[in-house]
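First the structure, then my questions, so here it is.
First chain written, first letter: the chains are A, B, C and D, and each begins at residue 1.
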Amino acid sequence: MGMKKLTPWTSWYVEWIDDGDASFKAANQLYAMEKTPYQEVFVVNLLTLGKALIIDGKVQSTLFDEFVYHESLVHPPLLAHGNPERVLILGGGEGATLREVLRYKTVKKAVMVDIDEKVVEFSKKYLQEWHHNSFFDKRAEVVIEDGRKYLENAGKSDEKFDAIVIDLVDPLAGSPAVKLYTREFYQLVKGALKEGGVMVTQATSPVLYQEMFATIHSTIKSVFKIARPYAVYMRSYNGLWGFVFGSEEKDPLQLNESEVERRIRELLVNPEDLRYYDGDAHIGMFKIPKNLKQALKKYTDISTDEKPKYLEI
Amino acid sequence: MGMKKLTPWTSWYVEWIDDGDASFKAANQLYAMEKTPYQEVFVVNLLTLGKALIIDGKVQSTLFDEFVYHESLVHPPLLAHGNPERVLILGGGEGATLREVLRYKTVKKAVMVDIDEKVVEFSKKYLQEWHHNSFFDKRAEVVIEDGRKYLENAGKSDEKFDAIVIDLVDPLAGSPAVKLYTREFYQLVKGALKEGGVMVTQATSPVLYQEMFATIHSTIKSVFKIARPYAVYMRSYNGLWGFVFGSEEKDPLQLNESEVERRIRELLVNPEDLRYYDGDAHIGMFKIPKNLKQALKKYTDISTDEKPKYLEI
Amino acid sequence: MGMKKLTPWTSWYVEWIDDGDASFKAANQLYAMEKTPYQEVFVVNLLTLGKALIIDGKVQSTLFDEFVYHESLVHPPLLAHGNPERVLILGGGEGATLREVLRYKTVKKAVMVDIDEKVVEFSKKYLQEWHHNSFFDKRAEVVIEDGRKYLENAGKSDEKFDAIVIDLVDPLAGSPAVKLYTREFYQLVKGALKEGGVMVTQATSPVLYQEMFATIHSTIKSVFKIARPYAVYMRSYNGLWGFVFGSEEKDPLQLNESEVERRIRELLVNPEDLRYYDGDAHIGMFKIPKNLKQALKKYTDISTDEKPKYLEI
Amino acid sequence: MGMKKLTPWTSWYVEWIDDGDASFKAANQLYAMEKTPYQEVFVVNLLTLGKALIIDGKVQSTLFDEFVYHESLVHPPLLAHGNPERVLILGGGEGATLREVLRYKTVKKAVMVDIDEKVVEFSKKYLQEWHHNSFFDKRAEVVIEDGRKYLENAGKSDEKFDAIVIDLVDPLAGSPAVKLYTREFYQLVKGALKEGGVMVTQATSPVLYQEMFATIHSTIKSVFKIARPYAVYMRSYNGLWGFVFGSEEKDPLQLNESEVERRIRELLVNPEDLRYYDGDAHIGMFKIPKNLKQALKKYTDISTDEKPKYLEI
């Protein structure tokens, strides 16, 4: 009753959410693959989500809703800042974070730091739907380097930033990314920000990995005066997905719908090109329901270099 | 890397979201089963979601987040009403919708209409964690009857309602539930409401089944002056889940955080027992992002008895 | 092309054959379940294999091919014996091994020993298609006792047997069954056999679990003069399934097709009721191809009480 | 208990055996892929079966047991012939059928006909473990042509064959291969055989697709005086796999174990290189158990060009 018949697909991508919990998605085309010194990268077509970038067996983003993720990552901090000129992106291999940053008329320089040169080459070649050629914008610069090292040097130089956007893989047990979610790391981020600067990081899932999400929030709160958790629904990631904003001065909670709309119109080149983010979306993503507020109060551990927190799945 | 090893579970519940898209969840215990004249009912334990009610192979709700669903279904309309005395529930077999309705000091009578007597018996016996004995509250009355027939009669009598809460299965192709999502049905709902009355219905998923969600919205909008779509994230339903509110007078968008909080304190018996819903949750669930607003504008078909809309999965 | 569409079944039984290798089978009905002090027992309907007995999450047998297994287990040893009067069955909860044993006109007594009284009660009630009421045959006796203890006592008494049929679960790591596949155990079996007696055991899979199969063979060979491995294909067990015959005198390899056919006609009550086993099947199951002969030579370890072998999946 | 923990593999190959019955196998490496005008070809590593050739989503063979299939396809007919000099292979893209044919000292010419030039090129390049360079043997000739057309011409010429080995994909609904399993096709095969010639075809599964297997048998029996069904267990194909031998004169049932062993030693270059096939394997594969003999009697339909039979999954 009500059920249409299914096609017997033979190739499936499986995302293990937890022990005894998996999402199976049929892949009906392989577009490209490459093995870099750091990771294994595929572009496939997932039947229900469209073209998808898969790195080391994990979906990074899909055409179904990459815009939800990338707009939600970039615009709350950049609009809250109000006049971003120099922006640093850590990670963001698809080039879609860069694409969103370059929408700002105010941006003069966007530096994207990624450790894996091959992934950037691969993205340029195969992920046009993601980056929209933003790699080739004159204001864009790609630096192949370890993100943490880059921050250390940037903090010591005069080359500081108005906004730092951290678009990295999850802090999985054993991954080098674990060290990019610690207090010491966020102190480096703070050191590389100009006065009035803002930062944001993807922060895993507030429902699936609630404790990790809360830890990232506490850790950022231990470094910045203002820390704001927020979340949007991402079908490609099988659930609600979280972010944490940090700053010494700026606060996205100060923006109401009409102010968000006003800044979008004022700061962005083609404001109508935004697909997900608007005044309502902004307000909605920062509204944390009762049970999540309680969880944020309950899990107050801080991730440090010495005792880092990580996900076990 | 980062992956914990998995247990080789042998019994899996599979939710087919679409062709080529499925959620697999391991079930490690069977608590109860019953075959009624209308449906097949199981209570199992899903490893990651806890105890779950499964009817005709579909998860109805789980202890992991049934409170998110039931609080989001009941409180926006009842608080928007402000003084609900007589409430009608269509469906709601678990008894959890009834549980939320009975939280109101103002409620004098809550009538729950379900066609399947056996399911209600089954719930009373096995779903204590859902209904919290609300079936045995003196204000509760269970009527075994077809919901649509009940409405027809109620509309003609003096026994009208302040609020009607529609908690039914999805309008799947071939299901009798399809006739409980049409314009004619909502006209019956309207006819059974007192002046100032409010209604709400679950409305499938605004992401997975966007066109169906939009149709339910348009259909309610064609009957009521005020129609308000809203959504919350439900892991048990593999995504964002939608509702539509309808009324001739009342509007949940008129309530800000503090007014919601004030009414919770004033109208509910033990306001602190709410687990998900609060002022922030209320605001957040009604904030519709740009792409969904566009979809609501785009799909304006109305479901009618003659030409009903339904889901094919 | 060539692919029919699939039904979106929601309840699946999964057999994990190995890491990264699983068989998924849809279950579309639950007939019965019971939790005994020793195990959890279900009777379900598997879409492609029919009614199936599942104990502790493992398919024991299905109506699709239980006759292949039970006929192959019982008839090679009993026909090789030629005049079985007293037969002992260890395990065999479904009653189908007993059914096959009772086909023999010569059999005066068939003792079935099972540790789990509840499973036997359950079988009597729900597995009529398996046991064909053989539990109620006057020659049958069910003893609720640990099989190994029963053998110890039988060996010391005058109550010895012409044939011992061992129909137990696999020797999985941690299972008490591990001690029913050791040299010491087979010595007890030998001690409980009359002169000219024969034994047989199920022996896991010669392809999926080749080393375990070879170990059971070596172990029986270390106790009996004659040890004969054999195998049949069992779809319900996802592959080739093995057995090992042991005896001091009798040898199933001595029987050619016509002698097997002759004995079937002479010894069985309704010889035409056999469904799988005949002269050709007998010859075929004992023909071990080159690679398996080599494996049997290669893995010569013996399982002992002190250093038992077991399966890790 | 007894269960080792599983690795959370993300890429799975799924073989749908029937509605509600599927085999899931994890793939942990992609070696090569190519899209030809006729099909899509992958070489991947399946965790439990090793390197595997997948064409249009179906496993063709794997290193785990390709030798079982190819030896069982080639040696029964060629040994039954006794002196094969000219051999024709239809299909057999991996080159492993060719490899087995070229083991014969007597073979002077082996012609392999395949419609897909690209697949042959692909095999030469990536399937060395299968073909062992047999493509480059001086006695081998590859012809790119439709197999049926090739046979028509061969039958009219003097270029007839001692043996024709048909190694094609299954006759799936809608596939051009359906016309390579009909009576008219086998008449062409017969017309292209020398006196005393033999033929063999793979024949789907006698357990999973019993009716199709029986039809291929009946069809060959309607054309050749001698038709012999046989079967071996193939884990890569999820079950027992069948073949049918046909000839006007020669009969593999006339060979006993020692005659098979004698011919292997006499006719093959390095007889010890065989891995599966020997005298025992030969006898075993032709022993058809009672239920399969009954099925072969029951399904006597013949596939014809006008009314061809095919598989629906």
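In this text, contacts are C-beta pairs under 8 Å (C-beta built on N, C-alpha and C of every residue); 3 or more make two chains touch, one makes a residue touch a chain.
Predicted model, so just to flag it, every value in this text is computed and none were measured.
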item: Centroid-based (C-alpha) most distant chain relative to chain C; value: A
item: Whole-Å gap separating chain A and chain C, where each centre is the average of the chain's CA atoms; value: 57
item: CA centroid of chain A to CA centroid of chain D, Å; value: 52
item: Chain centre separation (chain C, chain D; CA means) in Å; value: 33
item: Shared interface positions of chain A, touching two or more other chains; value: 3-4, 6-9, 16, 24, 313
item: Pairwise touch network: line, ring, star, complete, or other; value: complete
item: Complex interface listing, chain D residues touching chain C; value: 1-4, 6-7, 9, 16-26, 28, 46-48, 56, 68, 170, 172-175, 207-208, 232-233, 235, 238-240, 274-278, 280-281, 283-285, 287-291, 293, 310-313
item: In the complex with chain B, residue positions of chain C that touch it; value: 8-16, 24, 30, 33, 42, 54, 57-58, 313
item: Residues on chain C engaged by chain A in the complex (per definition of touch); value: 3-8
